[in-house]
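Note that chain A is present in both complexes that follow, paired respectively with chain B and with chain C.
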Partner chain A sequence: MKALRWGLIKQQMLVTLRVRALHVLSLGLFVIQPAVFTAVGMLLSHAAGNAMPDLVYTVIGGGIMGLWSGLVFSSTYDITGDRYYGTLELIVGSPTSLTTIEAIRTLINVLTGLFSLGLAFVAALAIFGYSLQGVNFWGAGISLLLLLFSMWCIGVFLANFLAWSRLSGSFVDFLEMPIAFLCGFMYPIRVLPGWLQTLSGVIPIRWALQAMNESLLGNRDLPFLLTHWAMAVGISLVFLAITGWLQARVHDSIRLSGELSSI
Partner chain B sequence: MIKYLLQSLRLYLYQAWLSYHGRYSITSPFGYISSKLGFPFFLMLFFIFMGKFVGYTNPLYIVIGNVLLIPAAGSMSGVTNAIGDERSWGTLSYVLGSPAPRLPIFMGRSLFYILDGFVTAVLGFAIAAGIFHLDMATINFGMLLLCIFLLAITSSGLGFLFGSISLISRDGWIILNTFLSALYILVGVNFPVGSLPSALQTIAFGLPLTRGIMAARLVLAGAGWNAIRPLLAGEVLVGAIYILVGYLCFRLIEKRSLTSGTLDAI
Partner chain C sequence: MHPVAIEARSLNKTFITKTGLWKTRTRSTLAVEDISLTIERGELFGLLGPNGAGKTTTVKMLTTLLLPTHGTARILGLDVVQQTAQVRKHIGFAFSGSRGFYNRITATQNLNYFAQLYALDSAITRQRVPQLLELVGLGTRGDDKVETYSSGMVQRLHLARALLHDPEVLFLDEPTVGIDPVGSRELRQTIKNLSSLGKTILLTTHYMAEAEELCHRIAIINKGRIVALDSPEALKRHISGDSVIEACIQPGQVQGILDLLRVLDGRTLVEVKNITEPETVSIRTPEPARVLELLSPYLNPQYIQGLEVRNQTLEDVYVTIIKAGGQ
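== the complex of A and B ==
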């Protein structure tokens, strides 16, 4: 059983890496688009009369944008690609659940997006002289792990909708910016109006990201970090539970009704 | 001659209808509205809060710029996807194998996207005026509509260029998306082109949209026809060059792929 699972994981990893993650055009998603967002932030900061942009939110935040956009587009492409090439039927018909396969693929997509975040860190350090002095390393490290976990949970959750209908691709693409906007990818959450801050509380990414940014800015307030980590883990687990519940219904809907290839 | 022109016109209008119907007939109202207004709206909010955080005190500049980008983005992605979808559904070979003239076919593909982008931007302005209290009292609406319509037309040339890429690559939309994101910097959407480094300013003025957006901003500030005329003339010229280059590029790639038999190879 273990060998079978590892074989499945290895195979899915290879497929995802070859088809999408290591595709030369993924540079657009993981490098150019985040760089553009960072440049917009820097130019806005310059236009506002600041001598230096905020490195955590404007530069490293660009990497978070790359991580998220990469996840959304790669995950969307995975399913629409399977639908287009006629392999989605084979996956849904196989004894391994679609959620298991999507869980592995989403994990690879999230880990691939780390390249974007890593590049943003390197740019902040090497180009803009970001100082690591005062950074709460353990806080930032734990928060980063929870951020990846939150993104993975959201990615697996959205994959159900993508399998459900070919029209859902536009819905998932549509979520790219609202999540970035609500979670404060490139600005602190406090600049949002109060009601939007409350609304963003249902997204686990927001809690993990806020904890990571605060840790990078040197926050060592343990109760603050623990609260944010607990919220990130708790809400992520809720998303996972809903995913499990949805999966049975999506599978039933598309397999029993034979409507996988319909609209 | 007249018969040929009428035939071309019929083909042009039919292709326009077919292109639009093929793209949106399966879409739900939610899918349509979210794809038209949802992304630009949230992107605009994202930039506004980015600006608020760094102390940029002119959110209306961002609002106007992002609304003006709607017709351009719609027109560009519409034309690119019209060609890319033809390839995806396996019908491109039939279209290119037919003796029908290419110009009305592929220009026709862009017509509805131009109209759609225009209507969406007008709707976007109405929404922005309501939410962000955009003062429309002193605006010459005729000139504003002209600027928006021109932006939709001139950007279709870029659509043809990226559509040509769709002939040789299945990932034309990724390249287009990456390019579209570069427009947030280059064409004066979020901040004036004058605040860019000089090399980027040169690139900006070599692109369609830059002058058109500047003209629309002037109209919104209450300027008259004389103030925007040179900008609109420049926009028409640059846009026409891109449409011509896009069309030639399309024909060249089509010819090469027919000669080498590589149309659907990649």
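== the complex of A and C ==
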């Protein structure tokens, strides 16, 4: 059984990489998008009167934007593509649940999105002179893992909506920027008004990202980091639980409405 | 072992669509109405009907892809709504059309992927995929991307995919659409072979000859309802022992011939087929001798160029039933 599940993960990875992720345009997205966000971040920092932009929130923040946008774009494309190509019916009609497939795909999308983040780090170090001196490496490493985990949980949660209706892709795309702004991808979360900070608290990405950014800036305050990690894990698990509850309803809803195919 | 492969009881499907933002209007479309049928294990069953009759909707409900609005359906005794996951392990389905695969990867890579969705062991997959590609006549094209395939080749690949997990019950929705005559013949032979292996097959088709050649029993479906259900021979007998006379008539003489046939009673149906020069008039009648007697004075090239008397085909039966709007 274990081997069979690994077989499924392997085959899904191969299909996703061959069909979409290893396409030159997809790879371009992971390079161009963070570069654009980084440039905008630096311009805004300069306009705000900063002599030197904060590289964590501009360059690495651009990489986070690339990771997140790549996840939203890829997830939307996967389901829309499946509807268009008629493969969604075949997946849903198989004994493997759609949520299992979405979970594997989202994992692939998160991991391929790491390409953006990796490039941003390299750019920060090699081009902009970002110094690793003082960085809390273990804090940043754990936070990065939790950031990927929370993005995966949100991705699987959103995939349910994408499967639900032919038109839900635009709804999920609409969420891309508000979530990025609420989570403080390119600025410290403290600059947001209090009520927006409270609102952003329901998104697990925000907690993991804040812990990562603080660690990159040298924060070694263990209670602060533990609180943020616990919030990231706890809220992610809540999203996973809601996903589990939603999946059966979405499965029934699409079979009732006949929205499995694009026509 | 459950003796009945497919069982539907009063199956209904209504699609609800809503329009408007503030004042929403709900529109319901009845796609399938009160369909009941029982298909025995090992049977090759045909579902015939015009476009939009509800064939594909029925198949999609039986394959768990659509939820019925009312009614129940069981596959090998398993409820399609309550025991969805178990049903899916036992069925294979292939829909018509050139969609349904990832075009940027090869046929083999597609089949390897779908094999994993059915939790097939890797060793079995490695063995079965080339065998199935060979079976459907794509043995030499397995390493080509699907985007290079013709629609007929994709159609055959659908059958290979449906057979990956060696299902007991197969649903084939218009399997020979888009396939050339030689390919169609080969595919029909494949379907016969599968049937002889004991697989239960539900086939939908527009091709009457195909249904007549393959199916043990046939249901004709029109406007969402089953309007006839029997073996092809019984269906032909059922629409009486009528004969069909097809006359090739010179253009301009058709109306005169039609007027001539007006003396016959209502049991004779006359249809002018849309074939240009000479026009063909099809006469289905229980009294062929009488018709021939009426036409005999006109059996010369100025009026009637040719005449053929034959027994009814399944197509005649189908056309009669559908035109009558039911049974």
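The definition used in the following text is that the second predicted complex is superposed on the first by the 253 of 263 C-alpha atoms of A that agree within 3 Å, B and C clash if a C-alpha of one lies under 4 Å from a C-alpha of the other, contacts with A are read in each partner's own complex, and residues count from 1 in each chain.
We adopt the following convention: contacts are C-beta pairs under 8 Å (C-beta built on N, C-alpha and C of every residue); 3 or more make two chains touch, one makes a residue touch a chain.
Given the structure is predicted, the values throughout are model-derived calculations rather than measurements.
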Consider chain A as the common anchor and indicate whether chain B and chain C clash or fit when overlaid.
fit
Just checking: does A:Ser200 make contact with chain B only, chain C only, both, or neither of them? Give me first, second, both or neither.
neither
With the two structures laid over each other on chain A, which partner does A:Asp54 touch: chain B (first), chain C (second), both, or neither?
first
Have a look and say if chain B or chain C is in touch with more residues of chain A.
B
Rounded to a multiple of 10, tell me what angle the C-alpha centres of chain B and chain C make at the one for chain A, in degrees.
80
Who does A:Thr243 touch here: chain B (first), chain C (second), both, or neither?
neither
Quick check on the superposed pair: does A:Leu14 touch chain B, chain C, both, or neither? Answer first, second, both or neither.
second
Chain B versus chain C as contact partner of A:Glu89, first or second or both or neither:
second
Determine the nearest approach in Å between the Cα atoms of chain B and those of chain C after overlaying the two structures.
6
Footprint overlap on chain A, where chain B in one structure and chain C in the other make contact
84
Sites on chain A touched by chain C in the complex
3-4, 7-8, 10-12, 14-15, 18-19, 84-87, 89-96, 101, 252, 255-258, 260
Would you tell me which residues of chain B are touching chain A in their complex?
26-28, 30-31, 34-35, 38-39, 42-43, 45-47, 49-57, 88, 171, 174-175, 177-178, 181-182, 184-185, 190-192, 195-196
Inside the complex, what are the residues of chain C that reach chain A?
15-16, 60, 63-67, 85, 88-89, 93, 95, 97, 99-105, 109, 112-122, 161
Applying the document's contact rule, which stretches of chain A touch chain B when the two form their complex?
23, 25-26, 28-29, 32-33, 36-37, 39-41, 43-50, 53-54, 57-58, 73, 84, 166-167, 170-171, 173-174, 176-178, 180-181, 184-188, 191-192, 263
